[in-house]
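A quick write-up on the structure given underneath.
Chain lettering (A, B, C, D and E) follows the sequence in which the chains are written, and residue indices restart at 1 in each chain.
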Amino acid sequence: MSALQQYGILFALTLGSIGFVLSLYALARAIGRNRAEPGKDVPATAGSLSRDPVWVRYHARFGGYALLFLAFDMEMAFMYPWSVVYRQEGLVALLDMGVFLAILFLGLLYGWSQGALRRQ
Amino acid sequence: MSTLILVLFLLLGTYFVAVIEEWSVTGRLRPAGPVRAALRLLGTESVLARKPDRLFFEVAPVLLLVAAILSLAIIPLAPGLIVTDLATGALFFNAALAYVLVALIMGGWGPDGAYAMIGGWRFLGQLIGYAMLVVMPITAVAMRSESLSTVVIVQSQEQLWNILYQPLGFVLFALAGMAMAFVPPFDLPTGAGDLAGGVEAEYTGVRRLVFRLGRMVLILSVASAMTVFYLGGWLGPVLPGWAWSAIKILVVTALMLAAGRALPRVREASFLAWCWKLGIPLALVNIFLVGVLVLVVPL
Amino acid sequence: MSPELLVALVIGAGLFGTGVYGALSQTNLVMIMMGIELILAAALVNLVAFWRYLHPDVAAGQMFVLIVMTVMAVEMAVGFGVAIARFRSRGSVEMEEARELKG
Amino acid sequence: MTAQVFFLAAFGLAAVWFGIVVFRTHSMVRSALALLFSQTAIGAMFLVMQAEFLGVLQIMMMATEMSIMAIFMVMFMMDPGGLGEMDMKHQRKLSLAAGVIAFLAAIGVSVFADWGPAATVVPSADEQLRMLGIELLGRSMLIFESAGLTILTAMIAATAVAVQMPAKKEDAS
Amino acid sequence: MFGARQSTPVALFAPLRRLVAGAMARDLRALVVPGADVALAAGLDLAAAGLALAEGPRQANVLLVILPLPAAMLKAASVAYAQMPRPRAVLVLGEGEITPLPEADATGAASQEGLEKAVATLRRAFAEGAFATEVSDFDAPALQTRIEYTCPMHPEVVSDEPGNCPKCGMNLVEAGGDGGHEHHHAAAQYTCPMHPEVVSDEPGNCPKCGMNLVEAEGDGGHEHHHAAAQYTCPMHPEVVSDEPGNCPKCGMNLVEAGGDGGDGHHDHAHHQHHGQDGEDAQVGWLERIEPGFMSMIELTEGTPRSSDGLQMEWIDVPFGPLFPGLPGGLTLDLTLDGDTVAGVQVGSAVAEDWALPDGGLDPDTFVAALGVQMRLSPVSYRLLACRALQAAAGITPLPDEDMLHDGALARERLAERLLWLAQMGRQLGLPRIESRAAGLSRAIREAAPSEIDALRGPLSGLVESLRKTPFLARRLRGIGRLDDQGVWSGPGGAGSDAATRLTARLDGVMADLAELKRAGGISTPQTPDVTGVGGHGHATVETARGPAHLHLELSAGRIVSASLDTPSNRHLPLVETVTCQAELADALVAVASLDLSPWEVRA
């Protein structure tokens, strides 16, 4: 089965699941109707009514981790092709990736020492 | 014929995962529980928040279910029994499950509710912790099997399963897999006690049914990935291949959810700290060890 | 000139045009970075199109794509580092205020 | 032949449309996730062009990176929910002109240049992966290590600029 | 059934509806008002009766109300009921006032049999009445909050109609006042911004110009808006004139006072082109301001800096009376900076004001009232009242009688600690610990002395398994640390954190077991007869949450004045020190570790 046919199957699988979900929605709509009542559409906050919009500038405390993760994430892209040919290439591959990972680990250590790896 | 078995596996697998998940929460094994819950949700009203981001609110459950089903597409149950045997199967598993995060951010941001939004962004923090710990153990597995295709990975474990070949990798992948499927003790986005349902809180009726289905298929897919990468997929002495796969997947799911019953929910700050300060160094050590082992041992 | 190569290059050009429009028209640093991401994505599309339709046997083409992906990731990391620092000092990352970035 | 062209054009137009939505929508999270789906459509284009490893990598990497961009956008931009329907643009005519000129220039280059014969035989996905691995360790080892150094400098630069040393003792991790 | 769901007229799906109704009847999820801990204290085993605990109103289809409840709690119950998706039902246990809620679908006594009978009737109600063709809406005063419009970036700008924020020209967004402060007004009326004389009761399009009708203030509100057709400038609201023209200050053409030019936040995409003329005026107005008008600097200038130097926006999030992780009835309004707590307001929705009627109260009703009010620990407070009465009347209790009372007190303390363990298990996500602790707490509360010896084994087993739960001590260490000279009088002493308080309470369980063995028997304290006696009396009882003091003044057999000092009332201000600048999950665990009983809080 050629690669393109496999992608076709995956695409069909996606459309199939979306179709399944839409048929489930249609079945539910056929069973009963929704009624808009006062207070029902306010997001539930444990028994008290708070209508204020919460779409504010959310302060995420993992800023230090996120920056390091953005750069560190790329290491994965280089490691997959390397891992596939590793056994065949032998020692030079190990040393090669060893240098690469050591460099990245150096960056991680620097971040750690500068206090990036904590809740800002 | 094989597509029939695969669909059957998906439905039965989701059913059994739902039964075990309900046991992990209530402590009682009720076979009719999931069917009743599904019918109840089908018949309940599906309430829409007053000022939602309607696109996000509708797409989130569907995206979660589609991502989970796609990640199951590369799981081999038996030598010929697989939906699509991609050459980069292991990578595709991780790519499909990256969209669980997108679905939870959408589900969190959509209904404009405080609990949902905090749950959504918390899961992004959790991803920053576990993402590297899913990828590096898979690289170590690929080093041994010299290919990313899941069928070749299982065949490479003919003599020795990966759980014995690289136990450190198994432990890291298991913990990161549980965090990826936000199974308790890593259920930060939908924490029952401290966010009253978090991202799941605002979904009712049929949308909640699709969201819960997505979660069950997600747990099933993480459990089958652990089986394929570390427990030798369909390899087993007496029983046919698909039987071994099914048994291993159910045992792994039961162990994963039992751990949730016994451990308190993890704190996001300490989860991130442990992942980055201990997890990633251990993953690098695991890659180095497997590197040496692959060269030395002809297995 | 196979039709697929043409389609891919036209799509790359479209993305490039959107990226340039976006990068120049937005007032916020983060939105400008999104414009740059789109420009780099256009470069990715062109690179893969050239690799696939002109020299599929040369692996250097795919290597180049990996490097451009690294550039995208690195640019985002440093960009957000600058954005955090600027927001901490000035309270906003709007480009209008950047004019007073003296000293 | 035509199926590939159709899917290529379909995913391409989806990518461009999401690219346009990125700058048209008022809600910042919608804009970030529009860019995410634009990158996913580009990843799907790579799959249609039978570059499987690159396509799957693009789909995976961009999902996590663009979500981090989404949280940074929510942190740094006014009214991230887009409720006030603010308009965050300036020098609109100039940028539109620049965009159109860039588009036409790229179209001109791609149409009028002579690209030579189109290749038909493409190595299978597994071979591509192996070729890339060997390329990584052979001819492009220097590029590979310099990419590592670039990532290192990025980590150091980002941490040095953005992270403040904790004033009090680091709390228990 | 009042809460039935409206079924579609399609008869084809009737069998499917019956199947679904049958499934609902057997899969009941209850949201307990005032809280799961009160149900546990009343000795109800929800799981045995077939009810699963729901985390919030959205996941529940049964509202289990345990009466009597104060008005504030019933208001929160009506809000929760309104947010439950249909089909939904109300199950009432005990007697009392239930006004804002609809009439109950099943009622029963506040006991396990009453609950099981009520659940049986509820199953039948669901099986038959889950779907109905015509259904009436549920409306309650708490839901009628007035819709205010504020600017997302300048929250201090509040106006009654949609329009543009005078400071930055952005569309104002709906931010209704929350249930807290009362905003009663006639049912929401809809008028057309351009033609205020067009008034209708439901949203739709204005017959004259087809524009979307917007929510407007009912007849009560502001008179001047509807008196004459007022014209004002969008940028200078103080400039008001009676006929259209240009604003003296900025030369903008004046627009109807009813709706500003941009027609406010109802600008759906389709409406955008319609309001084009309004838009141009608005856009022109934006351009004339120097281009940096939208700069965030003046937006973030005033806001305080968080711990990492960034100035972010804060949101007020209520973790209201029915939060699954906190004691039922405790209202905790957190001001969150991201997921860190920047400010906290804590109160109790079930607090009562214990002012005695001026004519004094006879001892029996006083002791009974105190027993009913302190829902979680009735025996302790009944004993406190009896001892205070004896001290006031100068009666010295018989030593062995007192010993039996101490046995009853120790038994209730044991049940209280196990109830807290069950709630902490639920908060931390330990379902096994939660179910074991809840079962033991229920068994201990009514156990006769002989049964208690039988329960000694599982109790010490639970305590051991808690001490050995992996990562539990690490999870709680450093959370909710109290400062050394604080007012904390509960287990764990001053300067304790959640982990030391947990171990202190586990030691308390073993100590109470020993106390029970020493006391030998158990008898519930009776009110001593103090007819015709006068005097002052003071008593102290060591409850599970700390010492409670009661000071009584008797005159002629009637209680004239009483001052009650309960541990939870003393510990309430500690919530501030425990949660400031803490991560949200840690803050909630810290509040739960203080073991506050909202019933003991003075109104």
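Just a few scattered comments:
Criterion: a contact is a pair of C-beta atoms (placed from the backbone, for glycine too) under 8 Å apart; a residue touches a chain by one contact, two chains touch by 3 or more.
From a predicted model like this one, the values you see are computed outputs, not experimental measurements.
Common neighbours of subunit C and subunit E under the contact definition above: A, D.
Set against one another, B-D and A-B show the most C-beta pairs in contact at A-B.
In this assembly, the C-alpha centroid of subunit A lies 21 Å from the C-alpha centroid of subunit C.
For the pair subunit B and subunit E, the distance between mean C-alpha positions equals 35 Å. Each chain gets a centre from the mean of its Cα atoms; for subunit A and subunit D, those two points are 15 Å apart.
Subunit C and subunit D have CA centres that are 6 Å apart. Touching of two or more other chains is recorded for residues 42-43, 45-47, 50-51, 86-88, 91, 109, 112, 114-115, 121, 124, 128, 131, 147-148, 196, 201-202, 205, 268-270, 273, 277 of subunit B. Counting partner chains per residue, subunit E has residues 5, 17, 20, 56, 58, 83, 85-86, 131, 152, 173-174, 291, 294, 296, 299, 308-310, 312, 315, 317, 323-324, 338-339, 583 touching two or more of them. Annotation for subunit D: residues touching 2 or more other chains are 4, 27, 50, 52-53, 57, 61, 64-65, 68, 71-72, 74-79, 81, 83, 88, 90, 124-125, 129, 132, 134-136, 144, 147, 151, 154-155, 158-160, 162, 164, 171, 173. A list of each chain pair in contact follows: A-B, A-C, A-D, A-E, B-D, B-E, C-D, C-E, D-E. Partner subunit B is touched in their complex by these residues of subunit D: 27, 29-30, 33, 36, 52-53, 56-57, 59-60, 63-64, 67-68, 70-71, 74, 81, 83, 124-126, 129, 173. Taken in their complex, subunit A has these residues touching subunit D: 3-4, 7, 53, 55-60, 63-64, 66-78, 80-86, 89, 92-93, 96, 99-100, 103-104, 106-108, 110-111, 114-116, 118-120. Those residues of subunit C that touch subunit E in the complex are listed here as 27, 84, 87-88, 90-94, 96-97.
Those residues of subunit B that touch subunit E in the complex are listed here as 24-28, 32-33, 35-37, 39-40, 42-47, 50-51, 114-115, 118, 121-122, 184-185, 187-188, 191-197, 201-205, 208, 260-270. For subunit E in complex with subunit D, the touching residues are 151-153, 165, 168, 170-173, 265, 267, 286, 291, 294, 296, 299, 308-310, 312, 477-478.
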